[in-house]
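This report refers to the structure that appears directly beneath it.
Chains here go by letter, A, B, C and D, matching the order in which they are written, and residues are numbered from 1 within each.
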Amino acid sequence: MSAAPEFQPVLDGIVAALSELRGTEGQVASYIPALARIDARHFGMALVTADGQEAQAGDGAMPFSIQSISKVFTLTLAMQHLGEALWERIGREPSGSAFNSLVQLEFEQGRPRNPFINAGAIAVADRLVSLFGGGAKAELLALMTALAGEPVAFDEEVAASEAATGFRNLALANFMKSFGKLDNPVEQVLDLYFHQCALRMSCLQLARAAAYLSRDGHHPLWAGRAVCTERQTRRINALMLTCGTYDAAGEFAYRIGLPCKSGVGGGIVAVVPDRLTLAVWAPALDATGNSALGRQALEMFVARTGLSVF
Amino acid sequence: MSAAPEFQPVLDGIVAALSELRGTEGQVASYIPALARIDARHFGMALVTADGQEAQAGDGAMPFSIQSISKVFTLTLAMQHLGEALWERIGREPSGSAFNSLVQLEFEQGRPRNPFINAGAIAVADRLVSLFGGGAKAELLALMTALAGEPVAFDEEVAASEAATGFRNLALANFMKSFGKLDNPVEQVLDLYFHQCALRMSCLQLARAAAYLSRDGHHPLWAGRAVCTERQTRRINALMLTCGTYDAAGEFAYRIGLPCKSGVGGGIVAVVPDRLTLAVWAPALDATGNSALGRQALEMFVARTGLSVF
Amino acid sequence: MSAAPEFQPVLDGIVAALSELRGTEGQVASYIPALARIDARHFGMALVTADGQEAQAGDGAMPFSIQSISKVFTLTLAMQHLGEALWERIGREPSGSAFNSLVQLEFEQGRPRNPFINAGAIAVADRLVSLFGGGAKAELLALMTALAGEPVAFDEEVAASEAATGFRNLALANFMKSFGKLDNPVEQVLDLYFHQCALRMSCLQLARAAAYLSRDGHHPLWAGRAVCTERQTRRINALMLTCGTYDAAGEFAYRIGLPCKSGVGGGIVAVVPDRLTLAVWAPALDATGNSALGRQALEMFVARTGLSVF
Amino acid sequence: MSAAPEFQPVLDGIVAALSELRGTEGQVASYIPALARIDARHFGMALVTADGQEAQAGDGAMPFSIQSISKVFTLTLAMQHLGEALWERIGREPSGSAFNSLVQLEFEQGRPRNPFINAGAIAVADRLVSLFGGGAKAELLALMTALAGEPVAFDEEVAASEAATGFRNLALANFMKSFGKLDNPVEQVLDLYFHQCALRMSCLQLARAAAYLSRDGHHPLWAGRAVCTERQTRRINALMLTCGTYDAAGEFAYRIGLPCKSGVGGGIVAVVPDRLTLAVWAPALDATGNSALGRQALEMFVARTGLSVF
């Protein structure tokens, strides 16, 4: 890949403009020590254009815990292998507040509303365990490495901490299991889920990994075959726009107007269809669980470039 | 306005292609007689481009009951006068299933999740009654007439039927009132709400009325002033994309990829930012309460023109 | 009826013992002015034994707003005329917290859990309107007068205030109506409901009126016929024990161990099967909506007499 | 203990009268093989009077899986050691339907409504693990043996099956853990819970074990000390009456009018305060999860003896 002369100054400008706000708003996720001790003042951005140019700024090359951003990639992996059959177990509609996720899970008999709420991502993990058995984690690492163009690894300390404190995820998984909606042992499904959350990647790697979402399923590094079909790509982008940022999807759609997926590690990936993918990282989270500075950076990017779907 | 040579053949082609499917799928809304007796075989389309060209096909000039599509316009009217203060009473996030709307209303102390669920639209109507008192209906008619470029009227028979059978809306309104979240008498608020649902407009009038949503708030017929600001326009479009089509917003985002607002009269309005607005009408509804043939027509339009946000 | 030499000293003793606590705990119901201006220091008790002796102490002969205690009598009236058919529309199980009443009403398609939650009492009122039409209020007054042995009347000011502020009851009634579970107009059903809540009776009148509940359905003043059957009496007593005191039924069962029904006017009626009925009134309510001093008085009565079902 | 000449004919009569109905109504619990293969035609009764007489009939001496009846005894054990402090973690009010238990658990931040719903019994088990650590199961066995007057044992096959299929209980326990409402590891808490459910006892042993509930806390076999205080006994009886039989507590209160606790093994224990304790076993369950024939037997017992609290 080559440099992106058009966008490098944009990223540099945003990082410079927002630099003094680093760590001043929001809270770093504190439910596990490995996340809690991250310096709230990290701030990085990166992008990859549809024609293969790259740019990054600030801590854009520093790896962090991608957490829920991984849901985009496990969904992609499951869609590659299962196609439409995946949706027998998982819905594709927004879920309202976190409060409702459990009520809805009861009301809808253990079928999660979409693959980006935790229950839905656990259901996707169950499908991957059915597909790959004990090799599911290796399969995911292989995909991530192929998409990032560099070796990607799990942070085993983070994965172990997630497992040790993940009671609500255990509740969700056992609840789905009680409805007969998970085929594999809860422990095995959650082992994959906790590991996917513990993937360590940089903004640049994330922007590169997600590049197929701005190119109708074709990844710049994958010569021969598509990552997924054009229709599947639209499906993922539509889900990101309507369900990708917890209970702030409406606000993201308004302020940023791009398909986004965030994680409690402070990362956010955004897609400008046909143009580029963008990743931002700032660890402190706002009340909705999204990176506070990351949202501002994305909003500034859209304002400066005019690249919004609206 | 002038003809739209580029799009007239597209509309003609879609109406012709789908003509034999008219009335074969879904059910006409039957909860009030005035809607139930509509011929399920009506099918019309219309569009208005950002530079003022118009096209229509099939029953595109025949008026019908716009029902929930009116929520876009009452929201616009409230935003014009109240700005950000409107959001003290109403949220802006998707609400999940209909089931949850009531649970959420309880959980969130009578504050509706967004202005496009019934509770939210009733809250908007309450704001309009506070603004205009007994003149609220006249104010709405004046706006619709100014936007449509032609006189628009309420169907009083439909409004009366809505009032006579609207027990769930009465329940929602009284429930919000019990939380102190409606300032005006329930009867007066619902009188406005039932009338807005009973507005009769054609696809062409709807496409024209919504034209400001594709033009950053500027309406082609309004020389001097904007209908609303560019930011407000983005807000409305974002809400339409994430919340505009009942419990099918995710599916609409995927298959159509445009801000849409539907009504149980069988109409749907869609926005292609910076390009055009589009309206379709086919009375038979699918299980999600959206026009079955209307969805197909919009999907075909996007496929044939490539005009989707993704 | 004659004096009750055994129990008169018990009532006198309790009223004396608790006299200095009058009005020191809890809050008088304040949602309507007519209730809010009641002196919190009122305190009365009365009882009627199964063999027709009567006793009263303190303000035991002063009338007050019986509010939800009326649900016992409208239920009785409906059971007299409908028998088991009543239960097609209403359940007979505890409902958990107030929060759930609405969720459950949704989940159970508009069928209230029991006749002592508001939704259930409204459903009972609907049955009475079906039975007696415009004469339902007169029929209820006739029953209350026959049971109390003295003329009983509605407090029209209270009834009007209830109607003017009863938004949650309007919500419940319209919600049930939307499920097709009310046969009559909401206004007519609630007119009866708001009037039954506005019945004015003294402790002595209430204890006398409820006397059939301690006598297998036979009222001491009704020579010939039973008020209801022995089985129906057990049904009412069982409902009072499990559902009669809002979200404190478990606590009442433990501390008092008698079938009780309370109202937000500060009254409580209790039944000692085969022995006596007892009424207490003290307007200040605890956090569960039950008379704070009334609970203590009942607990003291049970402790001093040993009359508890456990 | 001696024979009970007054009640032996009553039990014999009921068993004879209902004998031909054995296994004709309801379904044996089938969620684990060890329960599913029980012969649905078993039917036994036993009672122990407050003055130490015993009677049994049919299969009254045959051990079965007591399941949720064990909740009475773990509650007793916890109350012995913790007194009122127990209620900081657990409520004492009815919970409405099973559906709501989960919603309520969310709404009430992980605090179960009462100790007889599964969540509540798991919270009690957590308290016992805090008290006795690894010795909790032995402590429970020692209590049961002391109460039954004979050695009582766990059915390890049943306990293992419960553990292997108890996904909903795992969900509940992890959900409470996520709210910080369980102090011990979920596995350890559920190990105790699954074992208590797997206690094997006969009707006669159960009636004897529960005898303290009819004697103000004093057990006929325990010379020196009380099992629990008189107030605690009333608490347990009140909880059994209002919450002891799943979503049929209102119906049991009406038809039987006694504190009862049932289990999905088909057993029910009932208490006549100051008179006797009674146990019945018939494996086939009705739609509410209570023994179908057991309910009829208890109803017949109350009708024939007049021993009901109402």
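Here, a contact is a pair of C-beta atoms (placed from the backbone, for glycine too) under 8 Å apart; a residue touches a chain by one contact, two chains touch by 3 or more.
Which protein is which chain? UniProt says A, B, C, D = Glutaminase.
The shown structure was predicted, so the numbers you read here are calculated from the model rather than taken from an experiment.
Peer 1: What is the set of chains touching both subunit C and subunit D?
Peer 2: Touching subunit C and subunit D alike: no chains returned.
Peer 1: If we define chain centres by averaging CA atoms, which chain lands farthest from subunit D? Would you check?
Peer 2: B
Peer 1: Using mean C-alpha positions as chain centres, tell me how far subunit B is from subunit D in Å, no decimals.
Peer 2: 57
Peer 1: Taking the mean of the C-alpha atoms as each chain's centre, how many Å separate subunit A from subunit B?
Peer 2: 33
Peer 1: List the centre-to-centre spacing of subunit B and subunit C in whole Å, with centres computed as mean CA coordinates.
Peer 2: 48
Peer 1: Hey, what residues on subunit D touch two or more of the other chains?
Peer 2: 99, 103, 107
Peer 1: Which residues of subunit D touch subunit A in their complex?
Peer 2: Within the complex, subunit D contacts subunit A at residues 99, 102-103, 106, 167-168, 170-175, 177-178, 186.
Peer 1: Would you mind writing out the residues of subunit D in touch with subunit C in their complex?
Peer 2: 91-97, 99-100, 103-104, 107-108, 113-114, 233-235, 237-239, 241-243, 247-251, 253-254, 257, 259, 273, 308-310
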